[in-house]
Structure formats: structure tokens, C-alpha cells
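You will see chain A twice below: alongside chain B first, and alongside chain C after that.
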Partner chain A sequence: MGRSMAQLELRNVTKRYENGFEAVSNFNLDIQDKEFIIFVGPSGCGKSTTLRMIAGLEEASEGEIWIDDRLVNYVEPKDRDLSMVFQNYALYPNMTVYDNIAFSLQVRRLPKKEIDNRVREVARILEIENLLDRRPKDLSGGQKQRVAIGNAIIRRPKALLMDEPLSNLDAKLRGQMRVELAKLHERLDTTFIYVTHDQTEAMTLGTRIVVMKDGRIQQADTPKMLYEHPVNRFVAGFIGSPAMNFLEGVVCCEEKKLWLRCGARMDFELTWCSVYSVLTDYIAKTVTAGIRPEDIYLEEEYRKMGQEEQKGLKAVKVTVTARELLGAENILYFQAGENDLIAKVGPECAYRSGEEITLYFDTKRMHFFDAGIGMNVERCELG
Partner chain B sequence: MSDMVAENIQGMRRRAMTREEMESLQREMNLRAKRKKKIRTVSLLGANVVTAFIILLPLLYAVSIAFMPSGELFVMDLNIVPKHPTLENFKLALQRVPLVRFVFNSFLTAGAITLGQIISCSLSAFALSFLDFKGRNVVFMIIMATMMLPGEATIISNYLTISSWGWLDSYQALIVPYLTSAMGIFLFRQFYLSFPMSLYESAKIDGCGNMRFLVSILLPLTKSAIGAMAVYTFINAWNMYMWPLLVTGSNNMRTVQIGIGMLDSVDSQSITLMIAGVVMIILPSISIFIVGQKQLIRGMFSGAVKG
Partner chain C sequence: MKIGAEKEKLGKKIEPYLFLMPSLLVFGIFLFYPFAKTIYLSLFKTNKMGQAKIFVGLGNYIELFTSKSFYNSIGVTVVFVAIVVVLSMALGLLGAVLCNRSFPGIRIFSTAYALPMAIASASAALIFKIMLHQSVGIINKLLHLEINWISDPKYALVCVAVLTAWLNSGINFLYFSAGLANIDETLYERASVDGANGIQKFFRLTLPGLGPILFYTLVVDVIQAFQSFGQVKILTQGGPGESTNLIVYSIYRDAFFNYRFGTAAAESIILFLIIMCLTLVMFKIEKKGVKY
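Let's turn to the complex of A and B:
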């Protein structure tokens, strides 16, 4: 499908309601052509509001929104050349699937012949050719979703906006549609802007993810960067499932080595940490250490590792509190000192609640956050 | 019958039942259940018929009176059905006043009012529920407040206004003051509030204007509300008495309700004649209700139960 370039630029966009509440504050973002951008964050973080401001359904209180060098703050939604897929599909119940898809072209009075061609092309892409005569009420959730996408892409918009499009589907269908959306993005070659609260969707679909909280961008980066270098404690805790474990500790220097002391039985030698040099600035200060559940290993797993891998792994005696078998893996809930932590381990683990075991924490993959402002210490050095 | 069942059960205790016995027992039980259900249905139906008859009795009696010669009405013994049915009353009623013209006037007035209210109420309710503007709630409150004023309180000032425009004794006078209603706006607004906002937003992004959205999406989807509103308004307009009495003076403009009033005169009061007139004019009301009752009931309850 041929279409024009689309670059979106948001400059200091702020949304303030009449009661003074700021839903979005100082939002700055450049979106390149053909990107798959994801806005993710907990509910009420302003992600939907931002999307709706881009669509023109809400007016920005301050700031500028540019689409391809055109300031669109006061341009009507229909003239912005964007289209949107809503969470509840927003299909017109009184029209057939065909008319639902064709509606935006019919409104624009395109020749019937062309509308027909385009509807059939879109229906073929979305594999809904056999549903064209049906009404929305006769469709299943997944089919409705396809029709809604059909209605959005038929105009060949500059960007496709999606507001939690998969959250009304059941888990299995959501997985399927996720794969199809990724394919569709490849096929259409259009900019996608996608809002979700589900970090799995964000990680799997996005070429770039914008993590938001309280109306502010926390971090806008590729999924890999978000996972490996979260800028602050919030992003670290939000991305990844199960969520990252956090431990409070004091950085000490003993025997010419740096240690992190997290209470009784929990001392971590920091020699192999990637941010070792930065941590030297934190001696005698409190930091929050973050370790992902997948970076904690069972004793059996530790033994199988090579010597190089074993470097930096620290044994900790813990008490198991619960275990969940997810088929290919186990989620182990345990207590270490006063901390309740989670580990993601192999399926062979059979420990029961109450057992005392030894787990190995990979200090090489630990993240460290300033205990006060919650920033990642590697960022503190940069900033 | 129950003895047999009890015997069967006892038999079952004593020894294992054969297949035939089991089948006959099942048949027996089935039959009993069916009979029980039948009795229930019949008794419910009977109760309904009796209740309906009691409720409809005044109406049926009126129809019956309309066919009675006037002498038959005032007798000592009970006569519900006319002994010598006659059409004389209808003939006389039609001769005494131009009822056909009145019916036409009423139809025109009620029809125009209904249409006008649907248009004006749906438009204003659309603005009050979909468009975002300053003072929207204040405007709505003011509209609602007008419902607290009884019609009688404004009738004189309305009359003066109409007469100063020289509209007395005309269709405008009958129709224009009733072209909108707070009740209708309220009804439509409640309907629209339950309408998913995302449909409107989706239409907006699709490039659909407000008018087109209203006509091609909102109205078709709120058919039941419109039906309820139409029936309600039509019957109300049809039954108007005070206002038409005040503003119309000639037979050309009078509506049926006034016509019925004209059948009653102090000098020669004929009950049968009046009832004949009433029977003739309630027919349109009833037929409208029968046609629209499904819509009316669905419309009245649509806010209450999610369907």
C-alpha cells in the first residue's frame, strides 16, 4: 500500500484538566516513520490521554504536536490523516462488516468501485473476506478486532493508533493477535502507536517503548535497552515478569573490595559488577540493588555452569515460602533475611514451602539504584 | 395414580427393575409432569383473561353503549349488551359536529408535534451528551427546571404571545408551542449517555461530521427510544384539551377532544351520542399504541436493563 512519510513530533505536550490535574506533563517524543511505538505504564499514567491528543480527540493544554512538519494542535481529527483502533472495537452495530470497513471512504465520497477494491484488499489481508455481509453482533471478539483494524487501515493513514486493542480478548487469542499485529506492521509499513498496560505486549511488539508514570516519560528506548538498562527503579520493576527483586543495602569497602551489605547473611561482593567504578562513589551510602528473578539460580544449576560463569555468583541461604510450576519453569517465592524475593528457576525444582536451600545470585547482572531518587546509578554518573 | 408410582418404587426396592418397567415408569412420570405444566398454563391463562376483562370492562361497556339506542341506557335492569344495536349514534355524532375534520386536525397536529419533538429533542440531546462545551450542565439543569412549571402557569402568557402574532385559530398556534419538550430531551439524553463514546470518536476520526453521525449511526441505533418517545408524544398531543380549546375558535381548526366537548350541550345531553363520539376518536390512539407498544415498553425499560 503506497503512502506518504510520517514523522510525529511531540514538543512539551501537557494535558491539564480544569480541576488542575495534570494527566500528561511535558511530553517530548520524536516518532520516526514506520516505527512501532508502545506507550506503556500503569493505569492512570496518561498513556491513553497522550494517544488521544495525537488523534485529536483531546486538546493539548500546552505544547505542540507536529505531523510531517505540520502543526496539528488545532486540526480536526479527520484531517490529521491518522486512524485509531479502540479497546471496545467501536464498530457501528447497524452496519455490515463491509460498510464498517468502508465507512471512512464512503464519508469521503470515493468512487464506489475504488471503495469496493480497497475493502476487498483489506479483507484479504485480514482474512475476513467471508464475513463481509455479517453484522458486528454476529462476530467473535477476534473477528471484531480484525474488522476494527480493517476500518483503520483502509484509509492508508500516516499512523495507526491503537488504544489497548487486545485487552478485551482472552489470553490465547491475545497471543495470536499479537503475532498477527507484528506481521501486519511489517506488511503495511506504517507507523504504529500502541497503548497498553501489558508489558509482555510492549516487549514483544514494540520497536521502541515509552514507559510512563504519573504523566511523565520515564524512559523511551528499545525493549532490550529497557530490560538491560532501566533508568530508574520504576522502569526496572515494571518491565519483566515476574518483576525485579529489590534489596536495600549499604556499599562498603573492605579488604580493598566493594561489598554490598543487605543485613544478616546477605553480603554481596561487587567485584564483577558492570557499574563497579560508579559504585565507588557510593561507599557508606544506601543503594537499592535490583536483581531479576531469572538471574537467581538453584544449586543444581550453579553446579552445571562453567568456571567463568560461576564468577560473581553469590550463595545465599533462603527459606522457600511457595512454588508455582508453570510447565517449563518454576516460580520460587522465598525469604532471604527480611526480604520476600522471587526466583525463576528450571522445571526440575521440587522444593516445598518451609525448606531451607541455597540460591545463587548473579551479581554481574545486578542493577543499582540511588536509594533516594531511585535513579539507576549508571545514569547518575552520566547526568 | 400415585399408588401405582409408590408401588413401583417399592417394587424397585424389592428387586432390580427390568428395562420395560423402567421405561413405563419414566413414561408415567413424564406424563404427570406434562399434565402439571398444562394445568399451570391453563390456570394462568384463565386468570389473565379474567383480569383483562375486568380492566377492559369500562372500555367494552363504552363500545356497547355506543351501539345502544338512547332509550335503552336508562333502564332498571342490567344491560351490558345492546338489545337493539344501532349505528344511529355514530351518524348523529358525525352530523352534529364535523368529526372527520376534527380527526384530521388532530392527526395533523399530533403528527407534526411528534415529528418536531423527535427532531428537536434528538438534536439538543446530542449536543448535551456528545459535544463538550462550557455550561453544558447548567443548560441541562435549566431545561430540566422547566419541567417543574405546570403548563397552566404559562398558558396565559403563551396565549398572549400567540395572539399578538396573529396566530389565533391556526395550525401554528396548535403546533409550534409544543415542538420541543424537556421530557423528550431528558429521555434522549439518558439514551445517548449509555451510548459508547468511542463510537462517536471513531466516527470523528473516520471523517464523519456530527449531522451524518446523528443520521446514519445514532438514530438507527436508538430506534427504540424514538419509538417510545413518538408513541408517548403522539398520545399526549392527541389528548390535548386546554390549549386547543383556548386558541381555536372555528370548526376548521378544532381538534377531536374539543369536538367531543361540543357533543355535550346543556340543553340536550345524550350520553349514547357522546360515547359514540368517544369510541370513534379513541380508535386512533389505541391503534397507535398497539402498533408501538413493543417499542414503548422496550424504550421505557432500556435504561434499566442492559440488553
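Let's turn to the complex of A and C:
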């Protein structure tokens, strides 16, 4: 394809808007060729701002942006050789789909013949060959989105930037397009930088996910690492759906064993925890324990497990407050002590609100966070 | 019972017309009646009071179409309208594009560009007259020239046209500004990332985006330019010779200097027909060309 390597580097990038608001602070990130990078975070955390700085639509107030060993801070967007899919697609309303896709080649004055070949190839990949003569207003949301992607990929840019490209689509179409985007990435061999606040998209698409909050990177890691080793309470709560449960408790040492006391009826033996050794530093201190809804089991599920698996599972008496059936699984809302918690259990569960049942918490898969700064205790040891 | 229902039905039928009555009345008195009267007058020779005296049929029209002066008027008007429309639209568009961003002092510039709209053509003409004066005018002083702009047949028409274009550019500026504000900012952002330069953005995004408004201003500007009067009256009185004798001015001269109301009426009708045809043609072309 004759495409050069695309390495992107952001060094201490900060964005301060005219009103003094610091939307992005001290952003450091190395992006390798062909990565699928996801920026994820709550609304207003500076994802779009960062993407727009990379594209050159917004000037960085401090720091350096490098593309392939070229400092691009003062390079015009048109000379950065990136392309972008906007949230509202930004299709040119008075051009046909054909011209919309071809635009970036037309302004570069490529020969008509070559433009035509490439437009048709892209249209074939995106399955929009029959729409080429239409105008944007005659397209559905999903079709518009394909056209926007078509325009972005036709130039074979160094990197493809996308700002919440799926957020205007309905849930089903979003699922479909997600799969197609993953295929496209495989096929194009281009670096993708993708903004979303949908964590399903983030987890399924990204080779690396950058979790942001208040303009700062919280963690930049693979989906698996984020899920299994979140650096802090924010990341732990943000990644995963339904969100992780948090319990406050005190670590104590009794009968030569470590325990986590979370109020009445809730003592967890920590013997099987992966971070057991670190927790010994926290004796008599308060920590926040995190347990994912999928790591809480029904009694029936517990009974079916083997001996080895049952190890570290702790029975807790709880009161069901609500249940939601989501097709293949149930979301169980319950109260344990004074904590409102959530469990994700099998579809056979039929408990009703008000029933008292026993649930099994998998202490092997518990996460522990410093109650003050919210850091994961495994990180505290490292730092 | 039945009579009541009938009455009600009748009331329902009349109701809409009652609502239309006031505006119909105003139109009737100030538009339709004078128009009919003009057609009527154009078929007569009149006395000095403007009363129809001798019926001549199409005599007035035939007279016009055999008069060199009338053809001159039409020619002068066409040149004038062309200059005015092109220049006023260009000025308005330039101003609007320049002001379509925020920078300190933007309001001052916007006001300055829109200002001509608020100036009466007569007072603007008076100011221009001084500026264009052969010995004390600022234009000659700045350019180190000694041209008698207004009395030279080469320049007089251009001067009047430029003045009119400037006067009309204010409202065009306003229309274009509104039109530009309607073009989605992210389109330009996408175009920059796509690699388009300023000129390409202007021709491929801005102009097409303004399409409908450009057309509307074109129609209005053409009609308005055909009807320019005040600035000619004050600046050149149709002279030197007949070099700025626009149709409207010629109508005025025929009616109120020469007391040939019949001829003036005939000219008015012809002017009306010209404008109507032009407008129709423009709408025809628009239907084919401009896409929304």
C-alpha cells in the first residue's frame, strides 16, 4: 500500500481553553503503528479535546505532539495526513455520496481515473456502492456513518481518528458496526484512535484503552489488564458493566489469618487473595474492597462447582431488592448489611424482591483499594 | 334550525375573506389601482395635469421603440444593473466571509459593513458628490488625479453604479452573514482534515452552502438595481448627455419635466415587463440548478 509507518507520540500535552479551563492536563502517550487506541471516560473528561489536538483542530497549550518523528504542533490539519470521522459525520450536504467520499482526493488533484477506482473500491468494502449518487439527507444513520468512514479511509491516512462515531446509531446497528470496525481495522492495517464513552465498544475494539478523568490519564492498558488490574477505584468502577461493587472494610489479623471486616455478617477471609502479601501492610487500616457482579454466585451455582473452585468463596446472607432479566443473565440487586450491591447471575434465578438468600462472593477475584487515595493496593506496593 | 345552520355555513365561507380584507384593501389602493391606472394612461396622450385626453392605443409604445433615447436608456440600465448586482453581491459576500469568525472588534466591523443599509440614497449621493469633486474631492486628492468623475461620460455611470452597489451591499452582507452562520462549523473542520485549502473550502463548501440565499439576494438585487433613482437624481440628473439616463430616471423626466405622462406610463409598463421576465427566467434557472 506504500503507507509509511505511523507512530504518534504525545508528550506532556496540556490544553487550556481561553476561559482558563484546563480540559487536558499533562497527557503522555505513545501510540505504535496499527494500534487500535480507545479514549474512554465520562462526559467532559477531555477525550474529544485530545483527539482534536492530534488532528490539529485545536492547538495544544503546552507539550509536544509528534507524528513519525515530526513535531506537528504547528502543522496545519491538512498537512498532518490524518483523517477523522466526526460524531455528527459532517457530510457535505450539497455533494453526492461519491463526492463526499472522493473529496479528500479531489482537493489533492489526483487523476479522475484513480479517484474513481478508489471510490469504488472503498464503496465495495463498505457495501455502499448503490448509494453513490445520493445526497447525505437521503441516507439513514448507519449509511451516513459508512460514508463518513469511506471518506476517512480512502486516503490511506497515517491514522484514523474517530470521535464517538457510533453514538448516533441505535443499539442493534451499533453492535453491527462495532464488528465491522474491528474487521476494517484488521483489513486496513492502520492506526485507529477512537473516542467513546461506551465501555463495551472500548473493551471489544481496543488493543489499548486510555481511561481518562478530568483531563488526566488514569490508566492506559490492554482491555484485559484494565479489567483484571485496574490502577484505581475510578478505573475499576468505570470498566465493566454492571459496575464493580465497592465495600468499605477494615483489614484485621485473627487466628493467624487475614480478614476483611465489612460490618455485621460480612467477614471475608483473605487467605486466597492474590494480593495477600500486600494486604498484610494494611492491618487495622480501612480499605475499599471491589468485587465484580460476575464474581458473585448463587447457591445453586456454588454447589455445581468443584472443590478447587469453591475455595475462597464466602457465603453471605443478603436480601434481594430487585431483579432484572437480561436474556441470558439476571442482574440481582440486593442488600448485604448496609451496602447496596449487584450480582450478575444465571438466567435460572427466580428470586423475588424481599427474599433472603445466600450468595457466594469470590474473594480470589476481589480488588482492594486504598480507602484514601483510591489506588489499587497492588500499585501502592510498586510505587 | 336549518336556516341557522345555513347561516353558519355562509359565515364559515366568508370568514377567511374577512381576515384578508385589510391587506387586500391596502394592496388595492396602493398597488392594484395605480397599476391599472398606469396601463390605462399608457394608452393615451395626456395634458399637463396628467389627465388622459387622446386615445392613441399602442402609439406611446411604438414611439418609444423608435426612439434612440429609449434604447440608450435600456442599454445604460443594463450596464448599470450588471455592475451594481455583481459589485454589491461581491462586497456583501467578502464582508460576510471576513466577519464570519470571532476576533476582537468584530462588532465594529460588522456594523461598518451593514451600515450602508441604513443610509438614505440621497444623503449618500450628496457625500459622494463631494468626495468625487474635481478640485476638492478626496478621491482625486488621494489618487493625485484631476478627473471630473461626474461630468465625464466615461466615468459618470460607473460612479453612480459603484455608489449604488455600496448602498445595496449592506443588506447583502446581512443575508450572507446569516447564511454563513447556518453552515455547520464541523464541515470546515472536516475539510481541513481532508486537506482542503481556503480557496477549495470557499468554492466547495461556502458557495454551495449559500446557494439558496445567493439566489434570493440575486433576485432582490436585480429588482432593486432596476429601480435606483435617488442617487441619479442628485449625482448626475441623467447626464452628462444621456450617459446615466436610467429607465426610472427617464420615466421621471418624461413625466415631470416634459409632461408626457402617457409616454412615462408606457415606459413604466415596459420596465415592469422586463423585471418580471428576468425574475421568471431566474426562477426557471434556479429550479434546474440550485440544489438544497
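Throughout what follows, the second predicted complex is superposed on the first by the 381 of 383 C-alpha atoms of A that agree within 3 Å, B and C clash if a C-alpha of one lies under 4 Å from a C-alpha of the other, contacts with A are read in each partner's own complex, and residues count from 1 in each chain.
Please note the rule applied: contacts are C-beta pairs under 8 Å (C-beta built on N, C-alpha and C of every residue); 3 or more make two chains touch, one makes a residue touch a chain.
This is a predicted model, so every value here is computed, not measured.
> Label the relationship between chain B and chain C on chain A in the superposed model as either fit or clash.
Aligned on chain A, chain C clashes with chain B.
> Once the structures are superposed on A, label A:K78 by its partner contacts, choosing first (chain B), second (chain C), both or neither.
Both partners.
> Look at A:N88 in the shared chain and tell me whether it touches chain B only, chain C only, both, or neither; answer first, second, both or neither.
A:N88: touches chain B and chain C.
> Once the shared chain is lined up, is A:V107 touching chain B (first), chain C (second), both, or neither of them?
both
> For A:Y276, select first, second, both or neither according to whether it touches chain B, chain C, the two together, or no partner.
Touch status of A:Y276: no partner.
> Would you check which partner chain A:L57 touches, where first means chain B only, second means chain C only, and both and neither mean what they say?
After superposing on A, A:L57 lies in contact with both chain B and chain C.
> Do chain B and chain C land on any of the same chain A residues, and which?
Looking at chain A, the two contact sets intersect at 55-57, 76-78, 82-84, 86, 88, 90, 92-94, 103-104, 107-108, 151, 155.
> Which part of chain A faces chain C closely enough to touch in the complex?
So the residues of chain A touching chain C come out as 55-57, 76-80, 82-84, 86, 88, 90, 92-95, 103-104, 107-108, 135, 151, 155, 161.
> Write out the stretch or stretches of chain C touching chain A in their complex.
184, 186-187, 189-197, 200, 204-205, 208-209, 211, 291-292
> Which residues of chain A touch chain B once you look at their complex with the stated criterion?
55-57, 76-78, 82-84, 86-88, 90, 92-94, 103-104, 107-108, 151, 155
> Given the complex with chain A, which residues does chain B contribute to the contact?
Touch residues, chain B against chain A: 196, 198-199, 201-208, 212, 217, 220-221.
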